[in-house]
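Scrolling down, you'll hit the structures one after another.
Common to both upcoming complexes is subunit A, partnered first by subunit B, then by subunit C.
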Partner chain A sequence: MRSRLSHTLGTLGQEILLVVVILALFAVVGSVNARFLSQHNLTSIFVGNAYIAVAAIGMSLVIISGNIDVSIGALIGVLAVISGLLATNGYPIWLAWLAPLVLGALINTLVGCLIAYAKVPSIIATLAMLSILSGGLITFTGGRWISGLPAGYQLAQFRLLDVPSPVWFMIGMTILAALLMRYTAFGRSVYAVGSNAEAARASGISHAATVVKVFAIHGAIGGVAAVLFATQLQVIQSTVPVGLELVIITASVVGGVSILGGVGTVFGSTLAAILFAAIGSSLIFLNVSAYWLRAVQGVLILATVLADMARRRRTG
Partner chain B sequence: MKRLMTALLGASLLTTPAAFAQSAWTGGDGQPTTPLACSGESPAPEPGEYNGGTPTNAPDRKGKDIKVVDIPKLVGVGYFASTSSGMAEAAKELGSVAVSTDGPTRANIDEQITFIDNYITSGVDGILYAANDPVAIAPVLKKALDAGINVVGYDADAQADARQWFVNQALPNGVAKAMMDQLAKEIGEEGSFAIVTSTFTTPNQARWISEMQAYTEKCHPKLKFLETVEAQEDNILSFNQAQTLINKYGDELKGILGMTSVATPAAAEAVQQNGLCGKVSVVGLALPNAMKPYINSDCIQSTILWNTVDLGYAAVEVMRQVADGTLKPGDKTVKAGRLGELPIVNQSQVLLGQPKIFTKADINDFDF
Partner chain C sequence: MTAVTRVLVRHEAILAILFVVALFVLAAQSDRFLTTANLLNQARLMTEVGLIAIPMTFVIVTGGIDLSVGSILGLCAILVGVFWQNAGLPLPAAIVLSLLAGTLAGFANGVIITRFRVPPLIATLATLALYRGLAEGISQARSVRGYPAWFATLGQGELLGIPSQLWLFALVAIVGIFILRFTTFGRTTYAIGNNEAAAEFSGLAVERTKLLIYTASGFVSALAAIVFVSRVSTTRSDMGTGIELEVITAVVLGGTSIFGGRGMVVGTLIGLCLMQILQNGLSLSGVRGDGTTVVIGAVLIVAVLISNVLSRFSND
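For the complex of A and B:
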């Protein structure tokens, strides 16, 4: 009972902590240069990085289930190109938006089956998928960018109530995923499979089916991220964004998702993604080299994992 | 414990010095510079001693019909399609050169080597190449020289002794002059600008930034440099960085210099999405296709690159004269058809000229 309470406080604490750090960052950078807090800059911080927060939702599910996915960056790159090709080749725009979700789910269902049924460790299966997707993308596109996107395709540039659509996607999908994880049998089975696979099996939860479902959902969410990524500008870069998977994994982990599985929430990963975006912007406002962003991310991930392990030793 | 650590981290992050004085533009390489004259022709630098290779026992090709193969980094892309069209134009004008383009469908050095090897075996008079890797391509090019084949590079060079001549599309000081003159023309002599580059250590970009600083101090001393930000070669990151520059400097920012073909269109997009067309200029290196949406909508005025058609044209003109023996080590210029006299630079390179500024008037004539 006590461990469960401190456990709940532990994860909630991470979210509160992230909010405090984000607010502190805003306050300090804003006091150095008030323009940092302009509505314009806050909007750009959210909009330019919402796709990372969205992808981190799926990644959190995967990590909570006790797995990892290093192919998500490549998947987003491939799905963005497919979406762009559909749009520029005269297919309806709704299809160009929907296809990445479906294809992402299909591709990751395959990955999930490899992990769940063929017992390939997730790091290996997704590493293989990373090579296949990124190699295939370069061979297929020859590095050519996709331009000449039709009018109305730029979903990420739409606004509702003067708030850009990526922000709505980020908020909406975070809430949806949080509800799914908290109030459904599926959500509970993901935590169960990730925290203690044997016990989950004994209580009748299908480990394999849960993992496949998690990967399928993760793929579909990756598809949404890919559409947000593809529709932000008027050209789509046909190469895999360097290091994107690491940023997404880092957001999940710093958001409080335990790399050992079984613990974490999607609110945390979204907050962590926002924090990284804010740090990236503040580095420019403070005239600090962008290389520090990577260093800071590295330190944050190390600190979070060390703290997580220390807590496990203490409570477990 | 965790909270403490993260709090410490946050604190250490926030106490980073807010600003530090900068004498040199950030992102430059600090190497010596050779800024061009502010206006008019700059005296051509001494080419120096020839350091290219020589074909072994090449047959006398003077005035004879020659068969030339062009092996670019890859085929099927607009960039090399346009160099090919320039080659065909020169071949047609000369009448004595048969040139064909063949090569890998992806920029792969191993495949490129195989193509060159096959053409050495099948027998050609001349090989034109744009190397995927300067070192890895050298042995097969030397093999071509040993077989008596004339070898001329363009766009991307190999080690100098593995070929005879290289047609260089632009020198760093030429890029610098084109960029800064265009920027001053668009934002005025006293405007403030920031730079979006790939990384501070990328050799080409760092060289260009140093040359740009030297040329600006000499020719546009009142232009105000704000800062350089890094954006790797990442589209979305470039957009976010340009966006942040706009947010940070507000009305003070009059121009953004894009140092890569990724950063320039992304900066243009940021300007357009912020409704700052005409208020913030974007000047930079980019492929015309990527800039067409912004230039055709009058948001951005120009994009800077070399004329790829001219590059291919010059490569064939140089090849003809190398085969004829009329371009020899020690020459200071070479005649290149409609392009006139091109200077010899860097020991064994032919300089195409100054970079081309594409505007709404002609950008739609190019497809790459």
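For the complex of A and C:
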């Protein structure tokens, strides 16, 4: 019980740290260039990156269960194109919004089965999916962008109480996932499977079924992210954003989800996604070339992982 | 041990039969396939993947993985161009410095994995982002062209009627076969993959062996970068993106267990050839480049499934 308490405190520490870093970043960059804090810029930071935060929720579940998914960027690209094609080919808009969720869950259920029942390691299964999905997407679309989207399709441009809808999705889904992970038997089984697979098996938790469910949920959440991604502009780029899976994994890991599984919360990953978005925007306002963004992300993920390992060794 | 050897023999026999069947099918499909010119050209094209696949076989036999090889390739390619064109160094010096940088990058992977006990998957996923980020930051998306004519000999020339880089590849492959089969280092590599704790308690140099293997992986990735730049006569920061997938597919297809402990360089070579003629045959029969990555992904999953089934079979 005590170890659980200290774990909770430990991950909460990560979240408080993230909030402090985000506020400090806003203060420093804002004092160098006041336009950074303009409402226009703040809105674009959140709206343009909320889908990453949403996808990071599912990724956190996957990593907590002791797995990894490098195909999520490609999946988001494929689902966004499917959504766009449905919308432009006269299907009802609600179907274009809903189909990515269902398809995402179905595709990832298949991946989950490969991992859980056929014992293909998650890195291999999802690496293969990455190549199948991204290769298939480019072959199918030829890299053409989808335009001529019908009116009322742009879900991500809607506002409620003057707050853009992606922000509502980000907050709402983070809270939902946090409740799911904390207060349901399923949530506890995800932690159990990730922290000690043998013990989980001994206490009657089906390892395979839990992993498949985690991947199915992750796929559905990826579908939501794909809809937010597809509906933010007037066109849909039919190529997979390069390195998107790394940004999402980095958000989860920097958010305090332990790479060894079993530990972490979804609040942290959402905060980390906000931090990345803010860093990306800061580079522009500080006149640093955006080409350094990925290097900064690499340093951040490496530093977090090393800190995680050091903390684990200290606590035993 | 005999059971393991039997499975290996069987796996390689299956592969060899598959290879011959594929040769016949493809030769029947296109009369441009089974010509010396085409086969030598295919061998030229597979050299970069093949080079990296040799140390990757060692990495996977220890039960590890190196996802950063494509980023090291990209970083080293950029560094050759930058050292030569921007820093004004003579090209041979630029090549040596770039090889050093790749070795250092691999060494850094090894240190993170052995000293800080970060799982190889996560360590190299982080450095995948970091090294690619450095390549992008350093190059600022500018490509370098205009290499002197002599430099093209390595990537485009011939020696005794055989593409020059194949001699280099053959040398690296023979060194790899020799070390893995006939040296203490090779036996330590297998021991680590079979049971790392046991290997450590038997007094084997586990840390040093792993450190050397990841360092070698970095060095050979840099070597592949030089061959790549020489072959295409330009340098771009996105070079080698996704090459880790092809490398890992070749190794796993070649019978090396993704869980470590068994595998041979010869198997990797057969896996590599099989993959290359599959890609070539597909493109000759009209499938575009992106379509072949779909096939590679599918082949990777099937290869792991077969290897899982075979190993379960041998356990009975």
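Keep in mind that, in the parts below, the second predicted complex is superposed on the first by the 311 of 316 C-alpha atoms of A that agree within 3 Å, B and C clash if a C-alpha of one lies under 4 Å from a C-alpha of the other, contacts with A are read in each partner's own complex, and residues count from 1 in each chain.
The criterion applied here is as follows: contacts are C-beta pairs under 8 Å (C-beta built on N, C-alpha and C of every residue); 3 or more make two chains touch, one makes a residue touch a chain.
Because the structure is a prediction, the values reported are computed rather than measured.
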Which superposed partner A:Gly187 touches (first subunit B, second subunit C, both, neither): neither
First (subunit B), second (subunit C), both or neither touched by A:Leu114: second
Touched partner set for A:Leu17, first subunit B, second subunit C, both or neither: first
Touched partner set for A:Asn49, first subunit B, second subunit C, both or neither: first
Touched partner set for A:Val242, first subunit B, second subunit C, both or neither: both
First (subunit B), second (subunit C), both or neither touched by A:Ser131: second
Which superposed partner A:Thr139 touches (first subunit B, second subunit C, both, neither): both
In the superposition, subunit B vs subunit C on subunit A residues touched: B
Subunit B versus subunit C as contact partner of A:Arg294, first or second or both or neither: second
First, second, both or neither for A:Gly30, with subunit B first and subunit C second: neither
Contact residues common to both interfaces of subunit A (with subunit B and with subunit C): 138-139, 242, 289, 291-292, 296, 299, 306, 310
In the complex, subunit A residues that touch subunit C: 68, 70, 114, 118-121, 123-125, 127-132, 134-136, 138-139, 242-243, 246, 249-250, 253, 259-260, 289, 291-299, 301-302, 305-306, 309-310, 313
Subunit A residues within the subunit B interface of the complex: 13-14, 17, 21, 24-25, 28-29, 32-33, 35-36, 38, 40-41, 44, 48-49, 51, 138-139, 142-145, 147, 157, 229, 232-237, 241-242, 279-281, 284-292, 296, 299-300, 303-304, 306-308, 310-311
List of subunit B residues in touch with subunit A within their complex: 1-3, 5-7, 9-10, 13-14, 16-20, 74, 76-78, 105-107, 200, 227, 229-236, 239-241, 243-245, 247-250, 262, 265-266, 269, 273-274, 289-290, 292-293
Footprint of subunit A on subunit C - complex, ascending: 65, 67, 112, 116-119, 121-123, 125-134, 136-137, 139-141, 238, 241-242, 244-245, 248-249, 252, 258-259, 288, 290-294, 296-298, 300-301, 304-305, 308
